[in-house]
Amino acid sequence: MLETPAGPPGGTPAPERAHVTIRGLSKRFNNVVIYDKFDFDIPRGTLISVFGPNGCGKSTLINMIAGLIPVDEGEILFDGKKLSEIKFGYVFQNYREALFPWLRAIDNIEYPLKVMQVPNVERRARSEKLIANLGVKIDLKRYPYEMSGGQQQLVSIMRALIVEPEILFLDEPFSALDYEMTLFMREQLQRVFQETGTTTVLVSHDLEEAVYLADRVLLLSRHPALVADYVRYDDARPRTDATLSEPEFIRVKAHCLDVFQREVRKG
Amino acid sequence: MLETPAGPPGGTPAPERAHVTIRGLSKRFNNVVIYDKFDFDIPRGTLISVFGPNGCGKSTLINMIAGLIPVDEGEILFDGKKLSEIKFGYVFQNYREALFPWLRAIDNIEYPLKVMQVPNVERRARSEKLIANLGVKIDLKRYPYEMSGGQQQLVSIMRALIVEPEILFLDEPFSALDYEMTLFMREQLQRVFQETGTTTVLVSHDLEEAVYLADRVLLLSRHPALVADYVRYDDARPRTDATLSEPEFIRVKAHCLDVFQREVRKG
Amino acid sequence: MKRFDPLLPIIGVVGLIVIWSFAVWGQVVDPVLLPSPTKTFWALWKGMNGGALGFDFLKTVQRTAISILIAAAIALPLGIVLGSSERLYRSVEFVIDFFRSTPASAMFPLFLVLFGVGDKTKISVAAFGAMLVILFNVAYGVMNARKTRLLAAKVMGASRLRVLTDVMLLESLPQTFIGLRNGVSLALVIIVVAEMFIGSTDGLGHRVFEAQQLFEMPDMYAAIFAAGALGYGFNLLFLLVERRFVHWSGK
Amino acid sequence: MKRFDPLLPIIGVVGLIVIWSFAVWGQVVDPVLLPSPTKTFWALWKGMNGGALGFDFLKTVQRTAISILIAAAIALPLGIVLGSSERLYRSVEFVIDFFRSTPASAMFPLFLVLFGVGDKTKISVAAFGAMLVILFNVAYGVMNARKTRLLAAKVMGASRLRVLTDVMLLESLPQTFIGLRNGVSLALVIIVVAEMFIGSTDGLGHRVFEAQQLFEMPDMYAAIFAAGALGYGFNLLFLLVERRFVHWSGK
Amino acid sequence: AAQDKVKVGVFPVASTLPYFVALDRGFFKETNIEVETIRLIGGPPNVAAMISNQIDAAAVLVTIEGMNANLKKPGVAMYISLNSQNKTYQMEQFVVRKGFEAKTLKDLKGAKIMSAPGPANVTMAKAALAAAGLKEGDYTIDQLDMGQHVNAMVAGTFDAGYTLEPNASTMRKMGVATTLEAGVIAHYVLGNPEADAYVGGGALTSEFIKTRPDVAKRFTAAWAKAVDFINKNPKEARQHLLKNTFTPPDVVDTVPMIKYVMAKDLTAKDKQVYQKFIDFSVTTGTLPEKIDVTKYLQTF
C-alpha cells in the first residue's frame, strides 16, 4: 500500500467514512465464480478508479452496487440508506443501448430530470447550462441512432451529469470520444467532482486517466476478482498537464502497471 | 505533406497502385452535408489510419466503401473489381450489435468461413490456430451476451481476422480492450499486416496507435469532411516500443496533433 | 423509384384480380359460384352508390371501430402490466390462450345473455377477441424488450410506474402495432360473423348472409370484398400511425 | 420461489373457475345457459373417459396439427422472403390484410367447391387463415430486424440467401413464435367453426354444435373447454420450443 | 296512449310469414302493440334470448328446440300457433342433382347426401332412408350449413340432399336439382304423406304471458288475424316474403307455402299427431325425455 504524506492530520481522514460497504459479496455466472466473498469499501466523496483486465468483473461490480443485477451472496450497504433512496448517475459501457431511441438526444439528457419531476422550464434551463458548460456544439435535436458513436457516448455522459447524483458510475465513459473530447471531458469530470464531491466510480482501461482522476485506484485481478491492490493517489486538485510529469504521478502509475501486469500474466 | 526519404527509389513506389478509388463522393444526412465531392485513394497493400473528431464521418466513410450505406453521389472503384467480388474484414464500431447472439462466440468467429463454405474440420482447425496465435484464454463456448464488453470486442476482431480479407476495416477496434490486450492486439495487427499485406483501414482515436500502425494517416476535418492532411509514416516494420521514442515518430505524431487541433478548434 | 412507392399496394390488388380472372376464365370454379371480377365490382359499385351496401359498410366500420377502441383501451395498460412481470404473465397465460383458442361464435349465446340482443353483444364479442390478441402481443413486446434500457431507467431512479410508461410502453410499441393490426382484423372478422350468425338488420355480415341466402353471388362477393378492403384500410391506418410514431425500429 | 414456477398456470385456471363459479352462484346468467363448473367438468370427464368427446378431441387435434404444419411450411420461407424487401411486402400487403380481414367462414363456399366436403376443406381453410397470420408476423419480424447484424453478414460476403437463412430467419424468430402461437389458435378456431358449420361427423366443433342444438349446455361447455385447453396446450408447446431455441431475446 | 312494446326474435325464413303479415298489414298496431323486430339467426340464439327474457316472443321456433328448452326450463316457449308441413305444404324434402338417376328414395343407394344441419334434421333424413330400406353405409350423409346447400348442389359436391325451402325452389329454378320427395316427416314418421307435421311455430315466453297477460292476448289475436289472412289469401300473403325474407324474387311465386294453425284451433287429433312427432324425437334421442306437448300450447 502506498501511503502519501498529503493526508490530513489526525488519524483517519474525514472523507474516509464509507459510502458504500461491500461485505462477503459472491457472484457466479453459470458456475464461473466472478466474486467470492469480496469485501470492499467506497469512501464518501472520493473518486475511485477501477482498473483490471477484460472480463475480470468491473461492470458486474458496479451493476451489483447499483442493484441492476442480483448478488448471489453478501450485502451492499449505503451508509444507512436503502438502495431505492439513492440517486445514481450511470454511464453504461454499452451506452448505445442504454439511450432511448424514441427520445431526441436533448430529451434523453433531460430524462433524469423528468423522472425527478423537475418542471419543464427548469429542465430546459439546466440542460442549456450543461450544454454551455461543456461547450457542446452537436445538434441535440437528433435521435441517438442518427449520431456517431462518440456523439452517443457524449449524450450518455451528459445524461449522467445533469442530475446531481449521490453516486456516479462511469463505465469506460470516454472510450469512443476523440482525442480532444477525451481530454476535455476528463477536465469536466474533475471540475464536477471538485465542485460537488460526489462519490464516483470510474472504470477505465487508460491507466494515465485512471490515476490522473482518482483518489484511489482499485486494481482487480482476474477470476475470481480479488483486490490486487488499492492504491492511494492524493495529489491536490485541480490536477493539470503538469501533474502528468510529476514524479509521484509517474511512480503511482508505474506501480499500478506493475501490479496489473503481474496479475494478468499470472492468470 | 511530409515526404520521408524511406520510400523506394524510382518515382511512385510500387505499392502505390490504388486499391480503392473514391471520386466525387457526396453524402448528406437530412440536409447535413457529411461529404461533398470527396476524392481519395487507398493504395493497395497499405495500412491507412483515419483520425478525426467525433462525428466527422469516419464510420460513414468506411461503411460507404464497404457498400453498407448508399452514397448520394460519386463513385467508389476497386481496381477493376466489383464490390460484390470483394471479401471484406470488418470490425464494427458497435461490435456488440454486430455479433450474432444466437451463435456461441466460437461459431461467431468461424461464421465467415462458413459463408465461404470452408468444411467444418478446416474451420475448426483455422479457428484453433487463430486462438493459439492470439493466446486467447477466455471461454469461447459462451454466447456474446454472456461476455464482458472487451471480450465481445475481442471476438469481433477474431471474426475479422479469421478470413484473409482483401480489405480490412477496423472501426475503433481496441476501444474496449484492457491495457495489456490493446498492446498485444496492436502487435498482432502489425504482424498480420506484415505477413499478408492486406489493405487495411483503421479508425482510431489514439493518435499514438494510429501513427504506430500506419503507412499513412488520414486526418479528417469536421463537416463537410475534408482531407485536412494525408501524412506519410514510412518507418520499417516491425515497429517496436523503441519506435515510440524515435524522433521521426514523435515528429509525425506531433504534426498530426497540430493539424487535428487546428481543425477541431476551427469548427 | 421511391416516388412510386405509395402505388405499390396496387400491385397486390391487380395480382389478386388477375388470379381471380384466370380462375373464372379457366372455369376452375363454376361461374355461378365465383362471379367474374367485373360483375362483382359492378355489384360493389351499385351497392356503394346509393345501394344498401354503403350503409351496411358504414355500420360495420362503426362497430369495428368501437370494438377496437374498447379492446385497445383495456389491452394496452393490462398488457404492459402483465408483460412487466413474466411470472404474472405465466399465471394468466392459460386464460388468455384459452379464450384466444375458443371460437368467438361459440361464445355468442353467452355474450347474448350478458349484453343483450343489440349491437352491444356484437361489439363486446369482437372487443373481447381483439383484446386478447392485443394483450398477448403487448405483453410479449414488453417481455422481449431490451433489458439495458429498463436498467438505465431504473438506475436513474424511475419508479416502477415510470418504467412502465416511459420505457416498456415504448419498447413494446412495434409489437403493439402488430397486435393492433392483428386485433383490428380479428374484430372485423368477428363483427361480420356476428352480423351473419347472431342476426342483424344491417352491416356487411348481414349483406353477405342475405346475398348467400338469395344466391346473389356477385352481391356476396361484393360484400366480402368490401369487408376485406375495409380490413386493409384499418391496417393501413395503423401502419401510417406506426410509421409516424415508431421511427426507431431495427435501429 | 422459482421451484413453483411451473405451477403458475394453475393460478389462471383456478381464477377462471372461481369467476365462473361466482357467476353461476350469483345467478348473473340463467343456470340453464351457463352450467356450473362442476357440472361441466363432470360432462368433460364423462366425455373424455369413454364418451364421444375423447374421440372428437383427437380428431380436432389431428386436423389442427396438420393445418398448422402446412401453414408454417408455406408461411415461414415466404414471410422471410417478403419481409426481406419492404417494397415487396408493401406490394402484397393488400392481399394479406385483405384475407386476414375476411371471415374464414365467408370463404367456406369457395373452399368447399375447391376441396369438397371432407377434411380437406376444413384443413385448407384453417391452414390458409393461419398461414396469413404467421406470414404477417414473420415478415414483420424480418422487417424490424436489427440492421447491424444484416450488414455484418453482408460485409462478410454472405449471399442474399445466406443472409435470409442465417440472419433474418434467426432475427425474426421471437416474432415468428408469436406468429405461430397466434396462428395455431386461429387454426384451431377455424377448424372448430368449420366442424360446426360444414358437415362433419366428428371433432370438437361438431360436438359443440350438436350440444348447442340439443341444449345440452354442460356438454357444450365441456367441448368448448376442451377446445380452449387444447389451444393452451398448443401454445405451451410452441412456448417450450421457443424457450429452448430463442435464448437471446431482449439481450 | 303509448303502445305496448313487444320484443320479437325473428329468424327471417318463410315460416315467419304470419309475423310479417301482421306487421306489414298493421294488425299489431290495431291492437295497440308496437313490436320490436330483433333479428336472431337460428334456434340457439332465440332460445337463449327467451330464457334470459331478452325477447318476449319468437316468431318461429322449431318445436323440437322449443320442447328441449321447455325440458330445461319449463314454460320458456309457449306455442300460440303451429306450422304444419307435408307433401302439399312443402318444406323439408329430398332433392337430387340433375343427372343423378333416382326415382324414389331407394335409388339413393351409393349416393353422397347432404343434410340440413343439426341432429334433428340428420335423424329425420336417416329415418326416412331407413324406411326406404337403405342401411347406414349404403349412402354417406354430411350435414351442411343451410347457406351452403345451393352452392354445393351447383358445384356437384353431393348427389342428393335433405334440404328445406326456399333452397329447394332455388335449386329447381336454377335447374340444378329436382325434388325427389317432399313431406318426408309426414310420410316416414307420421305414416301418411298428407299428415300434419308440426315442425315449428310461433311462441311466447311464460314470463311475458304472466307479467303482461293482456298484451300477450292482444298479440296472439293479431297473430291469429294474420294466420287467417294467409290461409285465405295465399297469393297476396306470399308477397310479404319478398321484402322480409331471403326469398329470391324469381321464386317467390312458386315457393311452396306451409300451413299455419292457431293453437286454439288444434283438434284433439291434431294434438295427438303433434305429440307423436315429438315422441319420435325422444325415441331417436334428439330429445332427452318424454314431454307433454299440450302443456306448452297457449290459448287465450
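Worth pointing out:
Letters A, B, C, D and E name the chains as they come in the text, with residue numbers starting at 1 for each one.
The rule is short, and it goes like this: a residue touches a chain if its C-beta (ideal position, glycine included) is under 8 Å from a C-beta of that chain, and two chains touch if they have at least 3 such contacts.
Bear in mind that the values here come from a model prediction, so they are computed numbers and not experimental data.
The chain with its C-alpha centre at the largest distance from the centre of chain B is E. Rounded to a whole number, the gap between the C-alpha centres of chain A and chain E is 84 angstrom.
Centres computed as Cα averages put chain A at a distance of 29 Å from chain B.
Centre-to-centre, using mean CA coordinates, chain D is 37 Å away from chain E.
For the pair chain A and chain D, the distance between C-alpha centroids works out to 50 Å. Multi-chain contact residues of chain C (touching two or more other chains) are listed as 29-30, 33, 109, 113, 146, 196, 212, 251. Taken residue by residue, chain E touches two or more other chains at 44, 48, 51-52, 147, 151, 155, whereas all remaining positions touch fewer. Shown for chain A are the residues in touch with two or more other chains, namely 94, 97. Chain pairs recorded as touching, per the definition above, are A-B, A-C, B-D, C-D, C-E, D-E.
The part of chain D that touches chain C in the complex is made up of residues 5, 8-9, 11-13, 15-16, 28-30, 33-34, 87, 90-106, 109-110, 113-114, 133, 136-137, 140, 143-147, 174-175, 178, 181-182, 184-185, 188-189, 192-193, 196, 205, 208, 212, 220, 224, 227-232, 234-236, 249-251. Interface residues of chain B, counted against chain D in their complex, comprise 63, 66-68, 87-88, 90, 92, 94, 97-102, 111-112, 115-116, 143, 145, 159, 163. For chain C in complex with chain E, the touching residues are 29-30, 32-33, 108-109, 112-113, 116-118, 196-201, 209-210, 212-216.
Of all residues in chain C, those touching chain A in their complex are 146, 148-149, 151-159, 162, 166-167, 170, 173, 246-248, 251. Of all residues in chain E, those touching chain D in their complex are 43-44, 47-48, 51-52, 65, 68-69, 71-73, 114-115, 117-120, 142-145, 147-148, 151-152, 155, 157-158, 286, 288.
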